[in-house]
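Both of the next two complexes hold subunit A, though its partner changes from subunit B to subunit C.
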Partner chain A sequence: MSLRQSTHDPRVQALVLLVPALAIYAVFALYPMINVVILSFQKWNGLDPNRQFVGVANYTAIFTRDPVFWVAFRNTVIWTVMSLIFPPVVGLLLALSLNQKIFGRNGLRAIFYLPVIIAPIAVATMWKWMYDPFFGLFSQLLTSWGMQGWIKDWLGSKDIALYSVFVAYLWQTVGFSMVLFLAGLQNVPQTLVEAARIDGAGRWAVFKHVTLPALRPTITIVLVLSIISSLKAFDIVYGLTGGGPAQSTQMLALWAFTQAMQIFDFGRGAAISVVLLLITMAVVVPYLRWTQRHEEVEA
Partner chain B sequence: MLTLSAKLKTASIIAIAMASFAATPALAEDITLWTLNFDNNAGNEALKKAATDFEAANPGTHVEIVQRAVDEHKTALRVAAGSDKGPDIYFSWAGLGLGGEYVKAGLSLPLDKYYAEYKWDDELLPSAAAFADLYPGGKHGVPFTFKGEAVYYNKKLFEQAGIQEEPKTYDELLAAAEKLKAGGIPAFTFGGTVNWHVMRLMDVILETKCGAEKHDALKAMTLDWTKEPCAAESFAEFAKWTKDYTLQPFMGIDNKQSYSLFTAGRAAMMLEGDWLVSQMNGSGANLDDYGIFPFPTNTSRLYGFAEYNYISTKSKNPDIAAKFLDYFLSTKVQQDLLGQLSSTSVNENVQYTNQKPLEAEWLGIFQKYDKVYMNGDQAFPLDVTTEYFRVINEVASGGTEPTEAAKQLQNFIASRT
Partner chain C sequence: MSGLSIGNVKKSFGAVDVIHGVDVEIADGEFAILVGPSGCGKSTLLRMIAGLEDITGGQIRINGRVVNDLQPKDRDIAMVFQNYALYSQMTASQNMGFALELAGAKRPEIDKKVGEAAAILGLQPLLDRKPAQLSGGQRQRVAMGRAIVRDPKVFLFDEPLSNLDAKLRVKMRAEIKALHQRLKTTIVYVTHDQIEAMTMADKIVVLHGGRVEQIGSPLELYDKPRNIFVAGFLGSPAMNFLEGTIEDAANPVLAMTSGSRVKLSRAPANSVNRPLTLGIRPEDIAFGGESGVDAVVKVIEPTGSETHVAVEIDGKELTWVVRERVELAPEQRVKLSFETSKVHFFDQQTQQRLDA
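Moving on to the complex of A and B:
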């Protein structure tokens, strides 16, 4: 094959187009990931020119001696479970409501989606003000309603701080689930809905037996994306509590950052990141395989 | 083939590049200072002016100042430590914590030779200069600023509670807190979300209950926190102060919110640094309404910390760097800088005129004390600091008993590798 012919080969063209992207991916994603895995077996404080190989010592330390790791792990699990329930359910309810032909629904869709485009750190700043126990919005409202007894130290109490942060996270992310469900709802066959109604099915029956099965692919996508997003939860926790009080809102992603970039124990920070990576992979890999199978079936 | 336009462009680029090289010849006496980008812009300008004046007084020298935010500065120093390049002079905090880490890593040049040559000990405030002796292997760094921390109090609230005099002993302070409580006034305000704010209370209580020597040994981790009864006693006392004498709730607010509550008269006292005077002045508070007294620990030491400039071991021009630091610390320059980088100078020969009442009080405090005990986050290594914060917050939240707190901290220290 001549050079001229080979340049017209679609496979060669595809390769030429892919190489720059692959190179960038390899340098900025693959290499750092491999380096983090290597670093998790080393001791390094960022100052010494040499990294010392320590075997699994960093993993032993975080699993057995770190007083915060398991708190962060538990919080990450709680956060993930809540993320699997609340944003999808609230998002679905919003989507169902805003799929109706109501006045100003486009404006309402935009309003509910708006928090998604705000930077999480800005959301944190906003909610921090609202949660201020002295001058914040919630305290002022409760005071004006004569419900001072309900005022809590929203971000300062170990018992409720994690849930207070989650409410802010829910406010920010629910619009994303809503949009995905709205897109999914457009694909629900109207002929089936009408046929069910003709057969005498009520609203709940139509929803349960027609709408919900048709939304199954969307639900899977929403749930998987919710899990991935929840495992990465960082900015909003950092901005609202910094992991406190007493590390009670600490999360794995934030604790990895704290170990590496604040305590400068890069080995332990990397070990926590690897644990988080493995958990994320356990979710993402089955999802990718499911997507691939789905695409093959459709093809 | 290149077009005429392309040729002209190429020629222009080469000409500009050559001109640039010609305009900035590499000077034999270049030095670089890496420091923070200070919130107070007057301070940034003053620093640049000092560098320009030094260059004018020393023809052939060039001082380049590189300023960064705190975290970027720390990261840049770490990168510099692992390479051949970096600053001649770098800013860091004094003490065995963060500043000590760079010293331990060999980034800081011992300055005994320059201390003797320039007689710095003769002109520096002893409390500020004391930090240079903390490190093994000689004197490291020279003071940039010195920060003292003491109790600010609201005179009207003290009067309202029937407190006639500033407490001079710990028992008197407790009695004052009790009087305030009886009058429905929270004694102190703290911000719990920034761990270091409420940490100050634990630090001063440790100094009070353990005394200077044991306190230092506990912070240096050479004494066992579980075997020294004063450690658990301090945690117990700390729990009492946060429960009974602190404006509630405080764990969910930060130091800025705490400051707003103090100036709004919601609490009578605040444990803060000397920098609060300019902050209060800037926010329009009437300084005459407030007073200051050092937390009564009965150890004759002032609570505080220092910021230092260190000469890097990688400096190619350490003599010029030392000369610049000497110029910067000189009475004339420090007199000019007064009020721009700090309300007090690290040079003891600086004259203070037209001081505000609280500034005069601070000066009196600085002149009275020649020994210092440091903030916990400057004294401990970073990992222990993080655990110290956690344990303190656990105690303040009522989740951990004092003896258990001492045990947890000691366990962490013992498990370090």
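Moving on to the complex of A and C:
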């Protein structure tokens, strides 16, 4: 085959067009991922030219001799469960209300989406001000409403710090779920809504029997992305509390970072990352399989 | 009175008036078809009957009761949509029983009614299937079953056959008509297809630009169209129109603008020297003798049972339908005559029918 002929082969063309994307993926995603897995079986301080193979020592260390790992693990589980509930539910409610013909809905949609495009570290800074127990917005508001008794050290008390951070995280991420749901709502067939109205369905029945089934693919995407982004939660925690007080907001992603970048134990950091990856896959893969099978039955 | 009564109904979307005071009376048990070109307001009118669109002005009564402000579910109607509008996650029987379930009916009653409707429509073997596992025709039948189960006073059909292929459409047409003969429930049926209107309706309502052009039985409309629009809309192939003036009331002749002269046996009163449009259906044209009009054959389309011939008379194209087999060739010159007793006259200015 001459060069001229081969450039007309669609397989060759496809390959040529895919190479840049694949190259970027390989260099910036695939290689680091593999490297992290290898690193998790090694001891390395980040500077030494030699990495030392240590077998599963990093894993046994984090599982048996690292109490913070289990705190971070527990916090990550709580965080993930909250992320599965609140951003999707609040996002759906926002999408449903902003899908009505209300005044200024385009402006409102933009406003609710705005936090998504702000850098998480900036969000953290803003919320740190608002959470300030003396001069922050929340404390001021509670004072002006005469509810001083409700004022807490939002980020400084270890019983509520995790939830305070989560509220900021929810504020930042909910716009993303909302936009996905809004897009999904545009695919709800209007004649089906009308057929349901003629059948005597009220708002709730229309929602249950028409809107929700039509939103099912969107729900799958929102849930999967919520899980993934919640397990990755790092910058907002880093910016708001840095994992404290007393590790009460410590999370796996943050702990992996701390191990590697502050304690310079890259092997342990990598091992924590691998555990995080396995948890993500253990949750997401079965769910995707399940929804795919479900959709095949429907179709 | 029972049935459906539409009185001076108007509809505007903002500043745009789409229906300008429509009056239609549909008797109990009648099969009425709203027909017209797209944008004529037929679907809007149906949706107003259903309660899916607000009524800007006028009144709609179902069984004597004004329904203007009633919710769709309270109007005693059921609707069949063009795209079936079935709930994809429910089986055929769940789709059909859904309205009863919402109304709080007991399971045995729902099963009984769904079973009856399924028996009428031959759906029993398909009741456990979901819409995705059904063909287009089967889905449409489930949609009809859903309507039947509700036992409404009026069935509304919104272009129910438009998504089906030609062969299935003909079959479903007959099925819907048989269903109507069996259930004897009032039907309001919207279509843009004049053949559906002609073949199925007891009463046709021809709509055009948000106004009623004519109401009547299919053959009334076919034989005595009130104006040029109705004359041209109903019938396939469509009616031919020739323009000219009548000469000599005693011995009427149409002098066509183009020069040819057509001898007529009758003419409307006071029509001499008045610009007229003469309408002639393709099947009312025949081979003429020496006195016939000169025509040139252009295109010959045999359909088997008949032959459609495009002919040109003085540069104007006409369609001619020949029932018997004929030997014709393109560019052949023929003499044609018109069945003068079946010629229609219309005033060119008002477009209205002139009776002769």
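Simple rule for what comes next: the second predicted complex is superposed on the first by the 281 of 299 C-alpha atoms of A that agree within 3 Å, B and C clash if a C-alpha of one lies under 4 Å from a C-alpha of the other, contacts with A are read in each partner's own complex, and residues count from 1 in each chain.
Everything that follows uses one rule, which is that a residue touches a chain if its C-beta (ideal position, glycine included) is under 8 Å from a C-beta of that chain, and two chains touch if they have at least 3 such contacts.
As the structure is a computational prediction, the values presented were derived from the model and not from experiment.
Student: Following the superposition defined at the top, how do subunit B and subunit C come out on subunit A, clash or fit?
Tutor: fit
Student: Check whether A:Pro10 is in contact with subunit B, with subunit C, with both or with neither, and answer first, second, both or neither.
Tutor: neither
Student: Is A:Val210 contacted by the first partner subunit B, the second partner subunit C, both or neither?
Tutor: second
Student: According to the stated criteria, A:Gly146 is in contact with first (subunit B), second (subunit C), both, or neither; which is it?
Tutor: In the superposition, A:Gly146 touches no partner, neither subunit B nor subunit C.
Student: For the overlaid complexes, name the partner, subunit B or subunit C, with more touching residues on subunit A.
Tutor: Residues of subunit A touched, subunit B against subunit C: more for B.
Student: Report for A:Pro20: first if it touches subunit B alone, second if subunit C alone, otherwise both or neither.
Tutor: It touches nothing on subunit B or subunit C.
Student: What is the contact status of A:Glu194 with respect to subunit B (first) and subunit C (second): first, second, both, or neither?
Tutor: Only subunit C; A:Glu194 stays clear of subunit B.
Student: Which partner does A:Gly55 reach: the first (subunit B), the second (subunit C), both, or neither?
Tutor: In the superposed model, A:Gly55 contacts neither subunit B nor subunit C.
Student: Give one of first, second, both or neither to describe whether A:Val68 is in contact with subunit B, with subunit C, with both, or with none.
Tutor: In the superposition, A:Val68 contacts subunit B only.
Student: For the superposed model, what is the least distance in angstrom between any CA atom of subunit B and any CA atom of subunit C?
Tutor: 51
Student: Could you list which residues of subunit A make contact with subunit B in one structure and with subunit C in the other?
Tutor: none
Student: List the residues on subunit B that touch subunit A in their complex, please.
Tutor: 71, 75, 78, 81-82, 101-102, 105, 107, 192-195, 248-253, 257, 260-261, 266, 382-383, 386-387, 390, 393-394, 396-397, 399, 408, 412, 415, 417
Student: Once bound in the complex, which stretches of subunit A touch subunit B?
Tutor: My answer: residues 45-49, 57, 61, 65, 67-68, 131-135, 152-158, 161, 241-242, 244-247, 258, 261-265.
Student: Can you list the residues on subunit C that touch subunit A in the complex?
Tutor: 50-52, 71-73, 77-79, 81-83, 85-90, 98-99, 102-103, 130, 132, 146, 150
Student: What part of subunit A is in contact with subunit C in the complex they form?
Tutor: Residue list for subunit A touching subunit C: 189, 191-192, 194-201, 205, 209-210, 213, 298-299.
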